[in-house]
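In what follows, a structure is listed as structure tokens, so that the remarks can point back to it.
As written, the chain order gives the labels A, B, C, D and E, with residue 1 at the start of each chain.
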Amino acid sequence: MSPLVPLLVLVPVATAAAGLVVGRRRVLARILAVTGPAVALLVAVAAAWEVGVDGPRVDVWSVVPTGWVPIAVATRADGLGLTVAVMVATVALAVQLYSTEYLREDPRYPSYAALVSLFTAAMLLVVVADDLVVLLVGWEVMGLCSYALIGHHWELAEARAAAVKAFVVTRLGDVGLLFGIFVLGDLAGSFQVSRIAVEVPELAGATLTVGLLLVLLGVVGKSAQVPLHVWLPDAMVGPTPVSALIHAATMVAAGVFLVARLYDAFLASAGALAVLAVLASVTMLGAALAALAQDDLKRVLAWSTSSQLAYMLGGLAVGGYTAGLFHLLAHAAFKALLFLAAGAVIHAVGTNLMAGMGGLSRRMPLTASTAGIGLLALAGVPPLAGFVSKESILGAAEEAALHGGPLPAWAAWVVLVAGLATVLVTAAYVTRAWTLTFVGPDRTAPGSRPHDPPRAMAVPLVALAVPTVVLGVLALVPDVIASVLDRAVGADGAAGPPAAAVADPGVGLTPATTVLSLLLVAVGAGLVLAERSRIRGGDPAASLGGLRRVLAGGFGVDAAYDAVVVRPVRAAARLVVAGDSQVVHAYVTGAGRAARGLGGLVHRAQTGRVQGYLAGVLGVVVLLVVAGVVLA
Amino acid sequence: MTGVETAFALLGLVAVGSGVLVVTSPQLVHAGLWLAVSLAALAGCYLLLTAEFVAWVQVLIYVGAVIVVVLFALMLTRAPTGPSAESSVARRAVAAAVATATAGVLLAVLQAGFAGEVVDLDAVEVGGATATGGALFRIWVLPFEVLSVLLLAALVGAITLSRRTTDHEESER
Amino acid sequence: MTLQPADAVAQSVDWAALAPPALVVLTALAALVSDLWLPRRAARVLTAVSVAGVAAALVAVGLLWGEVRGTFCLPAESGELPACSYVVNEVTLVFQAVVLAGTLLVLLLAAAEVREHDLPAGELHFLVLAATVGALTLAAARDLATLVVALEVVSLPAFALVGLRRGHLRGAEAALTFFLVSVVSVAVMLYGVGLVYGATGHLHLDRIAAALADPGVRTPVATAGVLLTLVGLAFKIGAVPFHAWIPDTYAGAPVSVAAYLSVVSKAAGLVGLVVVVGQAFPTYSDVWGPAVAVFAVLTMTVGNVGALRQRSAVRLLAWSSIAQSGYLLVPLGVASSGVEGVVLGDALSATVAYLCIYAAVNLAAFGVVTVVSRNRPAGDLADYRGLVRTEPVSALALGFALLCLAGLPPGVAGLWAKVVVLDAAVSGGAGWLAVAVVVNTVIGLAYYLRWTALLFATPRDAVPPSYDVPLASAVAVGLAVSVGVVLSVLPQPVLGLTSSWAVLLG
Amino acid sequence: MSRLLPLALAVPLAGSVLLTVLPRRTGDKAAAWLGVALSAATFGVVLAVAAAFDRTRPQQAQLETDLPWVPAFGLRFHLGVDGVSLPFLVLTALLILCCCVYTVRVRPVAGRVKALTALVLLLEVGMLGTFMALDLLLFFLFFEVVLVPMWFVIAWWGDPQDRAGRTTAATTFILYTLAGSALMLAGFLLVGGQSGTLDLVELASRSGEGLTPRVQLLAALAIVGGLSVKVPLWPLHTWLPDAHAKAPTVGSVLLAGVLLKMGSYGLVRVALPVVPEGVARIAPWLAGLAVVGIVYGSLACLAQRDLKRLVAYSSVGHMGFVVLGVATLTPAGVNGSIYAGLAHGVITGLLFVLAGAIKDRHGTTELAALGGGLYARLPRLGALLAFACVASLGLPGLAGFWGEMLSLAGAFRPSEALQRPYSLVLMAVAGAGAVLTAAYLLMVVRRVCQGRDDIGARLPVLGDVTTHEATVWSPLVVLTLVLGLWPGLVLTMTDPAVKALLGGGG
Amino acid sequence: MRLAFPLVVSALLFSLGVYGVLARRNAVLVLMAVELMLAAVGLNLVAFDAYWADALHGGQVLTLFVITIAAAEIGLGLAIVLLVFRERGTADLDRLDALDERAEVAAAPEAAP
């Protein structure tokens, strides 16, 4: 039993609690905020080292009876979990550091920092949990922190609305996830992933597929995939560091992580993988298109996040386990970097709208250069991390499409085609964002003096730029990523290596797709640049015409949900409130009135005139005798 | 129809006929007198049914005492000895309906129970003072004793109530 | 003609068996006579004498407990049942005890009222005791003649009692209403007795039962006779639709007399009913059983809804006492259900248990009303607002009594009573009766609670608390409440009274 | 035989009596502190019970007291605790203690702290007794004890601005619940009459043996129907919103925290083991209505305009999960039901306390009148409210989750009584209800806590959470966390007991 | 003699009494109607006594009791009527409305604490 893994969770919890206790003492709060993820990072590295030395392990700390499948308070130390844990701690540390400066003047900083710490703890719990119910605890606490942080600026109506929307939409998915957990637990007789991984593949069938589809409901909710993606763009009203941490690097990636966690089960269900593939493909392309038409820099990044997460899920769907997860890591680095850079820009110019930016590369060189690295990685330009990871996914898709994989070939084709198309669109929106923000004429508000951020914000930018570059190079070393991400559990975990009926293509470049996608990158960027020069430095998206509004609005999905779900529910609520007093309670008040009315009748007979009484007596007597004689 | 039956029928007719007048006569005093007639005719019926002792008691108590008391009360209440106020037609209709129903039900029940039954008057011991009185004091002592409490209580009650009236009137004056 | 009266031996009289009514008769005469000698204001002496007499009778009942005696019996011949007019057994004694205890409390309550309203003390005591004699005899009567006469002895003094208050406009009218409804009901009952006699040729209950057990007996006549006989008793109990006199009479009568009617007089009617249906008409339970059940439901429902909107305390208690009569009738209503294991004895034991509890708490309620009406003669419920501040002890007693009537803790005694009745309905298999009881319990709570709440409400004007209650009333209320409290904690005495009844009334 | 359980009843009962008889001039403060001392003593006794409880055999009734009480009914004074009742006992004693401490500082507008404290202690007797009783009639008796005190608490100390409304609410509450409990009593008596015993341990070990299917069905209908009013199950819930909304904080907390639990506890303790077959036959209806209640309650909350009413309606939804769990007739579902009940008691208690605090400071709980910006105005109060809302929506890691999860798990794998497809549909709908629950609770946070503070300037100077309030609330907050993070604490105790109750005595 | 004769007379007299009780307005006349009913009872009893040839003479004795009861009733009843007459100045039952409950409950107060 290694104490390191629980410690991983408890340290940020402790700093969160301590942060609440110290209250308004800001300096102390800052120190605590940074200490938490820093220590967690050290613990994560140590734990990862331990795993490297002793091999992966599962620890059951306590078993809670439920009357059905028991809940095991079990942790799991393996490559997958601890790699992601290291990533999470790293990004959290960067964000906390960044936030000390970004939110220097904010009176709500202490609670903010505490919530970020709590979030970190929850995410770490998700990655080290072996029991799905325990995982769900972390999963939903993350959602809560996300909700609270989106609503950080709760004076703003849109912040309040976005927060509620984010929580409710993901909650919908979470309920599905809970039911999925029931199905898996029921099949395996345990909620422990290590048991499920062993038992479930034996039980492949419709039930398993249904269970996994339910799990996918949670995944699409958390990872902002179609059809539950609608919350993520709105969530951008939260503070930018939060967007970097929660809505780019970690929480939204938890969906991908969960699929990876249950990968052995998913591999046993081609149907679930096909559905995942289709959803991912739709999201991939649709979100990229939506990103193309946004005015708000953060919303560009948000849609882009949906799209990139879809790459990861697509990768997992086509059997590219390592590729998908590698993209997760790479994306975490470059997208967190991008958000932090965007935060620096927004901090500097005072607006989110790209219409109010432009030419910032001159004023903010550090920001521009790190952001440039991030954007290139996002677009998939070699040799950056994003290039390698995306190509690996496309390669896996090609592999599955051409040579068969864990899912039907047509689904792999869908992923492949959508992935390639998305490459084009991604390059386009990346180029557009770059040109609108960092080059061209300066459209910042008069009097503002944009400048590079102070050190506490600059250090994280640089720190995240490093993995963005290094991971890409590192990935080319054979097998290193795959070995790090190994999800197998040995020792008392009782599970052997992954069922791996399908060989994992791993990380690497496939010539055909690589060439094709590089070409597409060039075309996408070129198109935008060409269009930009055609319209003399304006917004290339303007050329989309009427399509622009459709794309900017995310294809009207929000409006559709409003009409199909929100309004009917509100109407039903009003109906219930009216009906409760007018109909349901009416029976009660009616009974009361009836009793009183009956009483009125009785009183009416009580006239004080004795002959009236006698008439009653004698009349009843007659009836009584008749009834008695006739009936008896 | 035997002779006894004929006599009984005639007496019964008188009893019922004067009974009708009791409940319809507009004059209070007339009603009281018709009641006396009806009860007297009933006493005759008792005689025919061999209940001699009962018949005499009936005559003594009812026709004697009760009617006198009733008439006294009528005087005391200074009620108009002329026609008293008539009830409404509707009221009388209701009363008639209930009464008719009562009669119908009773007759039907009795018909079902005793149609064709005959009283063998010859076999019956005549209920003279000896026989009935004997039964009263040998068998029915307890209710008889209790009845004495009843009479005493009625007496005291009546006196109390009337004294209460006079006290009340005195205090008013 | 097997039995010649001339051959009959003179009836022997068992004076011990007769002791309770005899003692009360003597007390009544003593009260009447002493009133002539005593000065007008010496009502206390009368109270003392009467209470002593009733207490002595109660002791006699206690001494007789466990014995079975019959007196005024027909001479026994071979083949004939030993029919007695007066029988002492547990049934008799328990009802006599209730009647005597009720009388005792009423006499205590009346003491204050006599002074307050200048009622004629001697007459009042005599009349109450006379009526009690009737009730005591009724409990022991086992032939229809005695029964009818005893019933009249309960009623006639009561007419006079109701009209006893001087210058009280309603008193006279109440007496007249009571009187007329009563005499008509008795006439109907007597006609029924006549029919039963015609059908069987007997007036003694066990002979009637024997005759009715013979299938050759003419059914329609007997059926009509049975039903008509019930009418007079139902009137006495206040069963709907023979209830209408109750609110008017209670409203016009002195409060202690109303209390008497609601407990002693009602107990008399009930014992009459129990004895008649149990001993004379057991084979006709399919006739009277459903009738009683229907009456029970009607009675509790009409009583409760009638009480809902009352604003006069006495009228509310009147309607409540109608409702309580309904509950009292429930066990008898299911006695005929034919469900295996449900015998008449169980029903009777349930009725008795209910009656005992009801008598105690109802007298407590009436007692407090007499106390309160001294200072607030209007008798409106509004007068009870904030009673807990002005007369704390009375308020607590009344609150307890009302909750007992409602059957909710802290009035646990009432809860046991409701349990008894509901148990009877359920075990009799009469689900609809059980549902009716449930519904009526709810309706009943509405008005009991309204009144209880008023007691504890903030009074309109601040009055210093007063503990000045006439001694006799205090003793009466105290006794009644104590019984209620004791029965709340230990209800077993009244529930376990009846083990052997099935045999006695089989 | 341990005396601990009777002691736990005797302390508050004696305290209640003591407070009643204390002279009127006793100050509010002294009365309140006396209340704290007494409830703390009771809590101490309950903790001693918990300490003496043998956790290795929670399926057995322990610390039993078994004395004959009313042999006529077969009623025994039989108390005991097992794994199911112990958590409820602790919860009850804790909440009462909190309420008493709360009253020390936050004096009710209506004053009369002495009376209020006495009533609260009387409530405690009923509540603790209900959770200890191992005899059907005893259970019923304790069940009824709470009614009258609660009526007074609502009607007198309720919403000071709506006199008529609070009386109506209180009366609706008591009549409605009385109807339910009287029906339940009918069911108990049916069971008792048919099986010949009222002892819950004995009945549970027989597991319905000896009761015909028809009797079981009827008894189950009556018992479950009666308890459903208390729970409350849709559509029998309409007493609840008014009662909760108009009650004072103390009343709301106890209503939501304990009173409703008496209903769900009754389902587990009585209905399931005593008439298993009957419950199985009505389980589909029960489950269906429960799920309707979940969705209905959530929808009703979405359109509420008053915070207290909203919290009240949220109870309808939450108790829907409680009933759903029972209706699945599985160990998981019943465990979930118990857990959800406990969690609801703590969380909704907290919500009502907070709503009360908001009302104290703003004079209203109308959402429109409160405006927004509680975070800005009173940040600690706002944060606590948000915390309570989040707990209430069933966030994993807080108390509310486990019960809901296990209820749904029960519905996922129901017993044979429910058809699986039907049950799965119910589970899905209930899941949708859980989403709606999140929606309305976050709406509360959004409308009350967040937003601009528009009214702060117009209100008198407001204090944020005082030390005293924090003292009262912290147990609830801590329990919410403990129950959320350590479900094993309760489940290890309930699970064997539940299996025993479902499986016939174990 | 056929039993039907007395029984029919009795039933008719009883019904006449019923009619009178309900139809008459004067209290004294109502009392007289009650007397008719009791008389009918007596006739029945006597007839049945003869019919059964009752050795105990139960019917006849009970008739005696009924007559006595009737006498007592009428004595007390007249005292009550007299009392009412003195108080109200009338013996007309329709005018005796002091106990009419309808007015009383018209405005029953709600208990507000």
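FYI, a contact is a pair of C-beta atoms (placed from the backbone, for glycine too) under 8 Å apart; a residue touches a chain by one contact, two chains touch by 3 or more.
Not measured: the values here are computed from a predicted model.
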Other chains in touch with both subunit A and subunit B: C, E
Chain whose Cα centroid lies at the greatest distance from that of subunit B: A
Innermost chain, taking as reference the mean of every protein Cα atom displayed: D
Pair of chains joined by the greatest number of C-beta pairs in contact: B-E
Per Cα centroids, the chain farthest from subunit E: A
Centroid spacing, where centroids are CA-atom means, of subunit B and subunit E in whole angstrom: 10
Centre distance in Å when subunit D and subunit E are each reduced to the mean of their C-alpha atoms: 60
Mean-CA-position distance for subunit D and subunit B (Å): 70
Mean-CA-position distance for subunit D and subunit A (Å): 36
Residues of subunit E engaged with two or more neighbouring chains: 14, 17-18, 21-22, 30-31, 47, 49, 51, 53, 55-58, 61, 65, 69, 72-73, 76, 79-81, 83, 86-87, 93, 96, 98-99, 101, 105, 110-113
For subunit D, residues contacting two or more additional chains: 155-156, 167, 175
Where subunit A touches two or more other chains at once, by residue number: 599-600, 603, 606, 608, 610, 614-615, 618, 621, 625, 629
Parts of subunit A lying in touch with subunit D, wherever the complex brings them together: 62-69, 71, 73, 111, 133, 136-141, 144, 147-148, 151, 154-155, 157, 160-161, 163-164, 167-168, 171-172, 175-176, 178-179, 182-183, 186, 569-570, 572-577, 580-581, 584-585, 588, 592
Sites on subunit A touched by subunit E in the complex: 599-600, 603-604, 606-611, 614-615, 618
List of subunit E residues in touch with subunit A within their complex: 18, 21-22, 30, 93-94, 96-102, 105
Parts of subunit C lying in touch with subunit B, wherever the complex brings them together: 1, 5-6, 8, 10-11, 13, 25, 28, 32, 72, 74, 85-86, 120, 123, 126-127, 130-131, 133-134, 137, 141, 143, 145-146, 148-150, 152-153, 156-157, 159-161, 163-164, 166-167, 175, 191, 195, 198-199, 218, 220-224
Footprint of subunit D on subunit C - complex, ascending: 353, 403, 408-410, 412, 415-416, 418-419, 422-423, 425-427, 431, 434-435, 437-439, 441-442, 445-446, 449, 452-453, 456, 465, 490-492, 495-496
